[in-house]
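Handing you a structure now.
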Amino acid sequence: MAHADKGPPNNPIAAFFKIEGTPIAFVFLLLVLLFMLTAPRAFMGFRVYMSFMANVPPPMIIALGLTLVVVAGEMDLSFPSVVAFASYVFCALYQNYDMTWLALLAALATGTVMGFVNGLVVTKLGIPSLIATLAMLFLWGGLVTVVSNGASLAIPDIEGELIHSVFAGRIGVFPVQFLWALGVAVLIWMVLNRHRFGESLLFIGDNLKVAKVVGIAIDREKIKLFTLMGLLSAFAGVLLTMETTTYFSQAGMGYLLTVVAAVFIGGTSIFGGAGKVVGTVFGSLIVAIIEAGLVASGVAGFWTRFFIGLVFIVSVTMNAAIEDPDKVPLLKDLRSRARR
Amino acid sequence: MTSTPIVRLEHVGKKYGKVVSLKDVTLEIGANEIVGLIGDNGAGKSTLIKVLTGVEPPTSGTLYVRGLKIDASSYTVKEAHKLRIETVYQDSSLGEKQPLWRNFFVGRPITNRFGFIDVKAEKKVAEHIMRSTIGFRGVGIDVDTPVSRLSGGERQGVAIGRAMHFDSDLIVLDEPTVALALKEVQKVLDFIRSIKSGGRSCIYIEHNIHHVHEVCDRLVVLDRGEIALDAPTSSMTYLELTNFLMSLHGRRPAAAAH
Amino acid sequence: AEAVDSGMTIYFQMGGNPGDTATLARELGARDAARVLKVNLIEQHAGWDPQKMLVQASEAIAAQPDAMVVMGHPGTDAMKSVLEKAKADGIVVVVNNNELPGTSLSYFGLDNHGAGRNLANLTIDNGKLKSGNKVLVYGAFIEGAPGADVAKGTTEVLKEKGIDFTTLQWSNEAVQDPALSVPVLVAYLEANPDTKAIIVPGHGGITAVLDKVLKQAGKKPGEVVTSGFDISSGAIQGVRDGYITVVLDQQPYLQGFMPVVAAVLQKKYGLAGLQLNTGGGYLTKDNVDALAALVKDGIR
Amino acid sequence: MAHADKGPPNNPIAAFFKIEGTPIAFVFLLLVLLFMLTAPRAFMGFRVYMSFMANVPPPMIIALGLTLVVVAGEMDLSFPSVVAFASYVFCALYQNYDMTWLALLAALATGTVMGFVNGLVVTKLGIPSLIATLAMLFLWGGLVTVVSNGASLAIPDIEGELIHSVFAGRIGVFPVQFLWALGVAVLIWMVLNRHRFGESLLFIGDNLKVAKVVGIAIDREKIKLFTLMGLLSAFAGVLLTMETTTYFSQAGMGYLLTVVAAVFIGGTSIFGGAGKVVGTVFGSLIVAIIEAGLVASGVAGFWTRFFIGLVFIVSVTMNAAIEDPDKVPLLKDLRSRARR
Amino acid sequence: MTSTPIVRLEHVGKKYGKVVSLKDVTLEIGANEIVGLIGDNGAGKSTLIKVLTGVEPPTSGTLYVRGLKIDASSYTVKEAHKLRIETVYQDSSLGEKQPLWRNFFVGRPITNRFGFIDVKAEKKVAEHIMRSTIGFRGVGIDVDTPVSRLSGGERQGVAIGRAMHFDSDLIVLDEPTVALALKEVQKVLDFIRSIKSGGRSCIYIEHNIHHVHEVCDRLVVLDRGEIALDAPTSSMTYLELTNFLMSLHGRRPAAAAH
């Protein structure tokens, strides 16, 4: 039987960084501090932060959904098209039939159905979700361009409506959509860590054989998962539309790589079976802040992408190293060498 | 065995592609019976219990639980749990990255009506089972330890503890003593005896004939997917049983060559 | 120069990705102007994603610069609230590359729609197209996408002149890697051997591979009239070899240089509402040698 | 002990489709046949095929490398930037110093070094390869824009050189680069199925713990893997450059999704531990042919993308179903129902 | 044990985070010795052999093989193979998706000088081991069968077959008889005896004290990460040994409660 070391009481700093999300939050803070130094003009004011909070909720909400998907060992790349479709449905209904809340419902329903279909394709045709949802990205994306005939729709007059104040209004200068995103984060955290659905996802992602043997209805849970992902993507699409008051048929495509990056920067394992919701929240913030921060710091055009890559790598490494230096083989090596 | 048997297999067959793992198996498990299932490696024992507990559908034959015919296509582990059949599988059935407490309750968590898990209650029960039933005593291990950090025997202990906790009518144990130390093996045997005295039933798969002969009421021998023997333990001494098993081996053409 | 030594900070949306064919000259122009006018130039790249352009506009406002240069792709309606905010904060806004009709802001770029018309007319003239000829227009037909206005202008003219045309939407992948459009266009030409011309309204990269398309489809130089956008070394070679008939030049260097100048002028002296159609030039066999030298430096 | 069924001898058709790659080859043939019907003018001629063979080698070679990466349970998304970098090095050296073979060597060396660095990031920093290579995609991509100053390079006069005939010439009308791609395919097949390096990758992808315990030097093999992937991406970059005689800083980006799709359409499992090299060859061909085929068939405007998605799904499902109908849960269900 | 021992551990400790699995272990395995390693679940037996065979580096202490000090940071399973140490691990060490023949030779394939594998030769040898040594006789299984299709005992058979094939000076067996049927267990015991008669050495971990006492020259008992006994088998009868083990259990405060 094993025995805990009866050494000195645990280092309080180390203990603090064992709390979910503290290491990545710390990395985020460091980044903000850095930008305060390099771009004081933008980052010492409050406006930049308000701008983030207005623009980050859609990708953050998608990333939260994707976290659950990744926990279950699956992938969903179709979300940009779901975002576009929901945005189209919302705009079209608002513009042509003056619907507001009904348009919202219809948009969410559309996303839900699309997610459900994704789930069917994955479970009933047995196509691995990465390729299945890549195909659906094309399929749904093509379909929305067809139904919208490639046109954009603008609904600037929605700004006066109640629904706009609820989803894209400002409390003082504070964008309400950020509250929605936080709400979704809390919900997803509860689902993953406290709900039986989340537990099923954890075991499905951990080991399919085990999940089967302990009595989890794998197909049903997966279909539920993709359906939820569709719903969340649609919600993100609606929020996006409210903020920009426009539908583009390319809407959402720009999120493809950044949302994926946010989930993994947040520390969720690609191998499934574990997920960090708080990590995803900060991962989304980091992804959103990097480019703006670099740009505001005056990094010359061509170098921006280079530094984005670099900051990604440094963030992920720091996140792991703060949690446990032994997670970074290089540090582990150095430490064990130093000990000798 | 005058009452309706808990489960009954009729002419059950199971093929994996062209591999035939079970061939025309007919078998009953009665109420309050401890049945020892023995046989060579690859005889089909694990396959039999996978069919019985809804992990794999049979390719032919029918399955009855308490006299009711079961629809193979909708029979799942969850169904089996509902029918009060509980199993310890041979391959690990633990989520390695998950903490101990989740592994105890997964599939049947303690939830409120919205499906949210009562983590505190689950941890408390898990803690109790861990300390009392299977005897984990290390300070390094608690209910939050992920399974990947446990030793082989500790894992087996978790799986058995789970089976002990969920009160069932039929408990299926596929090589439960594997990897367990002396004292823990005794605990498992005691547990099987308690199943008997509690009026419940058990299928016990084990290569250690000694143990089987000691605790079982009835012996079933599988040989290359078929039932070669089905007799009360009392009809055979330990020696007769080993001789019978050896004679089975002898029948094999290839095996005879060595 | 002393008088306009501005010390201003300008946020500048470059449109695509750093260094891509349709962006590079704009970047160079903006940097040159910034150097001359001592402007602190801050470059934003949106990968031609209108959504991202909107986000970047709001980030620019958040930094409270003296001026910002935006792309018009999101459209006037979508830009409305951003423009209002900028106005409230006293930030000069200049538009480039794609117009925001109805805003009366300074604009430097093509009259995209007009450029599309121009391209069609040049193709018809130089390629001697007649009514009844079959033409393929390979471009963007999705609103808000770069090139959509151009394509619209092109198809309008073709319609007016009674020329029979088919539209084909280019894929996102081909936009990034023009080589991917080659087999698609070859297959189209094979399936429609009576195609008289291919017009590419708005993509320098795809324009540059048109000669490969004709070669692989087994067409001789000039057998199919082709025309496109943005002068590049590849396009120059295509024109020299006779595979490409006309290339319209939107002179994006000007789209970088001029907005910086205009922003400074507006901020310092209140000179507003400047307009310049940068799309004056075009390349044919006749002037190819003169232009070739400039292209190497990325100016054109 | 299990016993094979002593039923009738095996169905010869089923046996044929057990040979590696035959099901996906069959799907590809069906697709070609379909297009011969819907677009006879284009698909009964030889030119379309020659055009494919000229343009498919770069993505196919990358996809072959990626197959090995996926077999080892890893991912590489940085290849577009490696393609661009190699293309730049080749063009720049050719243009400024009149190098040909040396330029080729330098381009390949560049890719190899980039791959090696990717490998170090993955193994020594312990960053999961998906996010690590996504970061490197930005980092390398930024770097090549910086060094090339964003400008494009054209080297049209390479068409007369020997090196051009060797890598992008024509034998009659047949593009020689296709032979190179086939050569790479044979090599990769041999490496995966017959070489100890391939065996190591199979076990690494199957189960890391097992790989460690049987004595595979995991880090070293992974570094080798990413290095090879870099080399192959660079080779693809050079082939692409020879064919188009141009370098763009965006070169390779368009391959990101299509190459990933090709690997998975080919039937390689995303879970690692198994890979189908022949599948990847046909997967690449399928991906390349779809859009051209649809366009030549006269599929109207915006529908193309929709159909691309659909063909992806149908291809993957058919590939699985031909190999073994039980792999498609829907068919399995139907069959087992029919049997009752 | 007058000659240099094959391996020697000196004050070896191993911690996993704050869990101490091994504490100051000093142990020698001499030439031509069969050492039985016993102890409770979680005593640290598997950890000990992982350290010994290069799977995990120790956190303290030193390791000697044939008198040579081993550099822990560069000691790997491959090194251990080169030093002629062969192991059957307790957790499966088989690639489930890979065919049997690959699993026999992985890590040490038969290759030409370019590193290409001689598949024919490997299959032939694998076939031979399969049919003769561990006795697979099913027609459904051949060398191309992936491990995922094997029964629990069949898998264990593959792992042991592999160890039997690669001729080594020290063979480490971590619960090798687990999941094996009667006759196969005998084969493993015979194999261990053949190690002895072949002049080689073996570390044998087993919970079945009977087997250990039967074949081992020396007994080492681990208790909570420390060595509690290291004595020749001849110095203790079977009964004395079990009593000793039970007394160990008794010392435990928590265990005493049950």
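Letters A, B, C, D and E mark the chains as written, and numbering starts fresh at 1 in each.
Assume a residue touches a chain if its C-beta (ideal position, glycine included) is under 8 Å from a C-beta of that chain, and two chains touch if they have at least 3 such contacts.
On a predicted model such as this, the values are computed, not experimentally measured, just so you know.
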Can you list every chain in contact with both chain A and chain E?
B, D
State the pair with the higher C-beta contact count; candidates are C-D and A-B.
C-D
State the chain with the largest centre-to-centre distance from chain A, centres being mean CA positions.
E
Computed distance of Cα centres, chain D from chain B, in Å
46
Centre distance in Å when chain B and chain C are each reduced to the mean of their C-alpha atoms:
71
Counting only Cα atoms for the centres, state how far chain A is from chain C in Å.
33
By the touch definition above, chain C meets two or more other chains at residues 17-19, 27, 141-142, 169, 172
Shared interface positions of chain B, touching two or more other chains:
16, 18-20, 40-42, 91, 136-138, 140-141, 224
Junction residues of chain A, two or more chains touched:
1-4, 145, 150, 301-302, 304-305
By the touch definition up top, name every chain pair that qualifies.
A-B, A-C, A-D, A-E, B-D, B-E, C-D, D-E
Quick one: in the complex, what on chain A touches chain C?
39, 41-42, 45, 47-51, 54-55, 145, 150-152, 154-156, 159, 240, 244-246, 248-254, 292, 295-296, 298, 300-302, 304-305
Quick check: in the complex, which residue numbers of chain D touch chain A?
121, 123-128, 130-132, 134-143, 145-146, 149-150, 219, 257, 260-261, 264-265, 269-270, 301-310, 312-313, 316-317, 320, 327-330
Touching chain E in the complex: which residues of chain D?
1-4, 190, 194-197, 199-200, 202-203, 206-207, 209-217, 273-274
Residues of chain D touching chain B in their complex?
1-5, 7, 333, 336-337
The answer for chain B against chain E in the complex is residues 16, 18-20, 39-42, 46, 90-91, 131-132, 135-138, 140-141, 149-154, 157, 175, 178-185, 207, 209, 224, 242, 245-246, 249, 252, 254-255, 258
